[in-house]
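Across the two complexes that follow, chain A remains constant while its partner is chain B and subsequently chain C.
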Partner chain A sequence: MELRTRKMLDKSFTAVGLLAIVLMAASLLVLLQPIVWRGAGAFIFRETVENRRMKLEVLGRGSRERLSLEVTQAEAARKPVYDMLDAFEAEMEEGGPEFRKRYRGDYKEVLELVTELLGPRPGAAEPVLIRDRYGQTRWDRAEVKLHRILFVEEYDYSDPDRMGVKIEKPRAALFESTSLEPLFGYIEHNFKQMMLPKLTFYWRFLFDDSFDAHFFGGIWPEMLGTFYLAFGAMLFAVPLGIITAIYLSEYAGTGRFVSLLRTCISSLAGVPSIVFGLFGLAFFINTMKIANGKSVLAGSLTLALLVLPTVIRASEEAILAVPRTYKEAAMSLGAGKWRTIISVILPAALPGVLTSIIISMGRAAGETAPIIFTAAVSVGRPLAFWQTLSQPSPALSWNIYNLATEHEAVDEIRHVQYGMVLTLVTMVLLLNLTAIIIRARISRRLRG
Partner chain B sequence: MNDRIIEHTDSDIRSRLLMSRGAQRHRRAGALAGKTVLITIASSSLIALLFIFYFIIKDAVPFFRLEGFKEFFTSTRWYPSSGEPEFGALAIFVGSAMVTIGAILVAVPMGVLASLCLSDILPFSMRQIVKPVIEMLAAVPSVVYGFFALVIFAPLLQEKGGGLLSAGALIILVPLSIIGIVVASDLVGARFRESSRKTARIVTAAALGLAAALGLYNLSQWLGGLTVDSGTNALNASVILGIMALPTIVSVSEDALNSVGREMREGSYALGATRSETLLRVVIPAAKSGMFAAVILGVMRAIGETMVVWMASGNAARIPHPIFNYLEPIRTLTATIAGDMGEADHVTGSARYHVLFAMALCLLVFAFISNLVSEMILRRSRKRLG
Partner chain C sequence: MHTVRKIENREGESVAPEERDRPDGINLGIERFHENLGAAKRPLIESRDFFVYYGDKAAVKKVSFDIPEGLVTAIIGPSGCGKSTYLRAINRMNDLIPGCHVEGALSLDGQDLYAPQVDVVSLRKTVGMVFQKPNPFPKSIFDNIAYGPRIHGTSDRRKLAETVERSLVQAALWDEVKDRLGDNALGLSGGQQQRLCIARAIAVNPKVLLMDEPASALDPLSTSRIEDLISELRGEYTIVIVTHNMQQAARVSDLTAFFYEGVLIEFGETRQIFTNPGEKQTEDYITGRFG
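This part shows the complex of A and B:
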């Protein structure tokens, strides 16, 4: 090959390598961007008057006078809607069976959608579920509902080779030349007056209990559960891990037993997380019976085993990074081996050990598979400290899965899901960031 | 004054050195007890591993005793909850293998290239930026990846399926085909005489370029015409798993590349090789076993992952037709364990409960063996490179 081509190939190889790096960074960006953007929507959003009503009546927050003023305002804007609905009902009464038959189904749908948007009609009986007592509490959800009121979705199956193509038709066309036709235009144009949106910062999302199956409220029980699980896991894993690391770095030589031990540690790190979950179920719950069924304690123990190899390896690295001179100086001053470890090596290795603890804690907080069978439930109250010994708890990681797949109204509570994801990611990444900063400091100190 | 202190410490030391025999024995016994405790605690991971094996095997054995081996490994009929339950897990094994292979196809080229970049190409300051990116990719919890796959990636794949596929294929194939054309035209040009070499090269490049452009155009048309029936399918799970396995592969293979000494590289440069030739002909062959271990670790990460495949793979226990059709939903071992245990644990003791442990045992054995292999490879390469 000619030199020129070789140079060119060299450059293009570099370019492909850089492409890989760029793709990797881009995938992180693509992953985080929607999570941050839409997750922020759980905290900062435009609330409607319905949300303010809910807050006052259910949680007792907000001013009663201002709210009643707003409610009258909104009800004034909503009155024509109800008038039009009444007028159409009267028209159906008069219109004869043919007319009634034609419009009954469509009218019923409109009525349902309007109730979903605005809540039950003033004066109607109060529904049992909190979510049915109020209309749409978030402006973005209200807009979705508005769209559903204004347009009918239909699927076009005329082309047999393709899946049905979605077509949207204005709903007003269904009620052409009846007294209901102007309703749609009215709702569209007076939407703001009916809902009175206002930008709000719901920081209590983190600290509120959730109620009515996560339709309202915050994620405090999940946060607390995740905290207990991660903290409990560290409580068991850290002492074991550090002592093992001390043994491996200071006492053990290179014998057969030690190499067996090292193999075991790396094998433990390679065990799939779901297998840890099954083991936790079979051992801690079915055999040891540490509680009657799932409990936070069982979950913490399972997670502790999962993070143990990480703690051991990172702590060992931190201990080995302590300069030999420290140890030699301590020994030459007459300190025994144990004394040297406790008072010289461990303090010097502390930042590194701390890093390992922080990273493992992030790992434990984010793991889902091990806690499915051992600790997690979908709905629960925030636990007091002593209850963790015997009771299961909701946790962020499990509830993200649960709300995104098994909840009865997955689409309605997207903001809660995103809020949880954002909270979990922020927690884990902040922990990792702390670790990175500590590590950078250590390496600076060791270098200079 | 000074003398007295010295005298004092002197006598102190002497008294320590000259311990009575009883005290010596006492001390030795204490040290022994301490060491025993230390070793016991240090063996906790050994004990944990033994316990895990014991309890998984203990609950897996009843399944094989009840149902035998044959159906489990050879049948594709998975109906654990019907009146006459059938436990054919072949389709589930195939599903696990498919997502793992898919994830490897995504992660290995990217991971190897990225690790080459990190070890040899990027300047130090850029490395300091890229490393946290990798660490963040590794730190993001798996359920978050699963959520992304289910809520964002799956609808996108379903709606824009073909367009997305062809865009992805073009991003990867265009640079590669350009490089391929350059190499090929150069090789062809080298066969001609000096005077006509340039024209020959241009002509070949133009011809190959035209062919490649045509091929790529057809490919993108074909991919663009595909419809994706369900966004939760093997492709979705593979891509996300691949990205999850990236950090493992990058960091282990970067370690392997870094452990190849400077001398090797400098020797190669001194002989006039370019950087890419040095990497491809000298560094990679030397670091090959370490990089292989990295790939094994990546495979383990992919096959053992639960949340992503549970949320993104569609959970359909059947073998896609044809078998390389990644656009069909599949089901994996881990997702089956996670998904079925909720229904099965009320009937502890049934075959339905124990079959999940049998699956876990398969996973565990696979993970254990591949871990041993990678460990062995790493140890050997470390020994060889000093």
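This part shows the complex of A and C:
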């Protein structure tokens, strides 16, 4: 090959490598951008006066004087709405059965929508659920509700070859030339004054309990549950994994039984995680009965089994990568085998072992399937440490799935779900970053 | 090699120039060695019909000779002649190799090394070893030297510090590292690392120091410092050194054993082996006809 060709090949390889890195970074950005953007919505958003009321009345935060001032302001802006509703109700009373029949259904819808937006009508009995006691607490949700007040959704099925086409008609048209007609224009124009939106940074989202099935509050029980599960899994997987790795690399030799053992460990790493979950349910809960039903302990044990093969293989690789000369030196000074392993081999293998541990922890924190049957519940209080032995807990991974699919009002609490996603992704990224930093530091120390 | 001039050895006797084949002017004291030999140094490591096998293959065959106490004994021979295997049999490092076993007798101080009641840990405490490639632990200089004393039960910080200083002084490394005992040993140069390994080996007060080609991975300057160190340590420790480098054997050792294909061909005073070998094979090897 000619020199020029070789040089060009080298250059093109560099270019391809760089291109691959740039592409990966770009796709990562594309992937992370919506997570960060929408997840941030759980922390930074425009809150309405309803949210400030909720914070004071439910959580006891905020200034009572300022709030009462704001509430007075908002109530003044809202008063015409209620006046118009009262007037229309009076009109219905007088209007006779024909009139009532015509407007009853539409009016009921308007009443419901207004209640959803502004909260219960003054003088109404206090509802049981917190979510019914307040209007829309987030400006973005309030805008959606406003839109629904202003427009009626209808589907046009006139073309039989197409699916129904959504068309929106102004709701005001339904109440043409009644006393309710000006209501819609009034709400639209005085919307800000009624809701008093204010940008807020809700950092306590991470540390607040959740109220009323995640309608309000934060994700602390989920975060705590994830911590317990991940750390608990490491508590079982790390000693077991390292001891197994030591056995395999230093004691086991190369018998047939040992190679069978290795094959088993490798294939264990390929078992679907839901199978681990079922095993955990069958073994730890139904057979061992370690607690009455699901518990964090059972989930931790299941997750430990899940990450064990990774810990074993990575630790074994790290131990085998320790130069033989260290071992010889220790032995020649009179150290026994166990002593050599503890004082020389393990410290030298530490970067690899630690990396495997931290990456496994990230995996344990993110796994969903193994904890569905063993540890996770959709709503729960934050657990004290000793409660983890017997009680289940919510956890980020499971609750993301739960909020996205099984929650009774998925659209209303989407921001919580995205907040959880952002938190989980950040946690896992931080763990991996820690792994990289620890590894670099220890390697530097070992290299001298 | 150097300008020929008469110099005086430690006893004040003049030394013939041809007996002084060292680059740095340190006198080996050949006369004294003769006297010592005359006083019939006590044999410390005795082999009688000693075999080492790797599986079925004998790497050391029927070796019988005595290594005297307090002297430097060199083992020379071509690659694969069994010299390293023999050396590693003395502190039973061969135990680590699967399928390795021995026959015959090898004793240290009258104690059979392969008797079942032998405690390998205390044997290796008595017989230190320095390897071909410097192999300090990835720990601080202090922890490297203190490793041996620590595993043998010393935990008193002051005692350890004393041991570390004494060993480093003995290994002629103290002045270079005394201000950075906490630094990682892997930051030292190759020659320093090897002297550190020697210091580490003597920190447990061994009787015997085994050196397996201790300078073969080092540059000439570091090599000569290691050789100086060996002559410094001569007398205090019984040193057995395996080397490829015949000049080195001639420079540092009192006695030389020549191994060939696992068999001990000749054993005797270094000067006699190098100037007047008794066996044809020894002569061929020394004169470079094979090896």
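Definition applied: the second predicted complex is superposed on the first by the 404 of 448 C-alpha atoms of A that agree within 3 Å, B and C clash if a C-alpha of one lies under 4 Å from a C-alpha of the other, contacts with A are read in each partner's own complex, and residues count from 1 in each chain.
Here is the rule we use: contacts are C-beta pairs under 8 Å (C-beta built on N, C-alpha and C of every residue); 3 or more make two chains touch, one makes a residue touch a chain.
The structure presented is a predicted model; accordingly, all values stated were derived computationally and were not measured.
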| item | value |
| --- | --- |
| Chain B versus chain C as contact partner of A:T14, first or second or both or neither | first |
| Partner with the higher number of touched chain A residues, chain C or chain B | B |
| Which superposed partner A:V275 touches (first chain B, second chain C, both, neither) | first |
| Touching partner for A:S332 - first (chain B), second (chain C), both, neither | second |
| Which of chain B and chain C A:A25 touches, first, second, both or neither | first |
| First, second, both or neither for A:I436, with chain B first and chain C second | first |
| Partner chain(s) touched by A:A348 [first = chain B, second = chain C, both, neither] | second |
| First, second, both or neither for A:V425, with chain B first and chain C second | first |
| Common ground on chain A, meaning residues reached by chain C in one complex and by chain B in the other | 334 |
| Complex contact set, residues of chain B against chain A | 13, 34-35, 38-39, 41-46, 48-49, 51-52, 55-56, 58-59, 109-111, 113-114, 116-118, 121-122, 130, 132-137, 139-148, 150-152, 171, 175-176, 178-179, 182-183, 186-187, 190, 227, 229, 243, 246, 250, 274-277, 279-280, 297, 300, 303-307, 310-311, 334, 337-338, 341-342, 345, 348, 356-357, 360, 363-364, 367-368, 370-372, 375 |
| Partner chain C, residues of chain A touching it in the complex | 253, 323, 325-336, 339, 343-344, 347-348, 445-448 |
| Partner chain A, residues of chain C touching it in the complex | 91, 93, 96, 98, 120-125, 128-129, 131, 133, 135-139, 147-148, 151-152, 183-188, 197, 200-201, 204 |
| Complex contact set, residues of chain A against chain B | 1-2, 5-10, 12-21, 23-25, 27-28, 31, 34-35, 162-163, 240, 243-244, 246-248, 251-252, 260-261, 263-279, 281-283, 286-287, 305, 308-309, 312, 334, 338, 359, 362-363, 365-369, 372-373, 397-398, 400-401, 404-405, 414, 417, 421, 424-425, 428-429, 431-432, 436 |
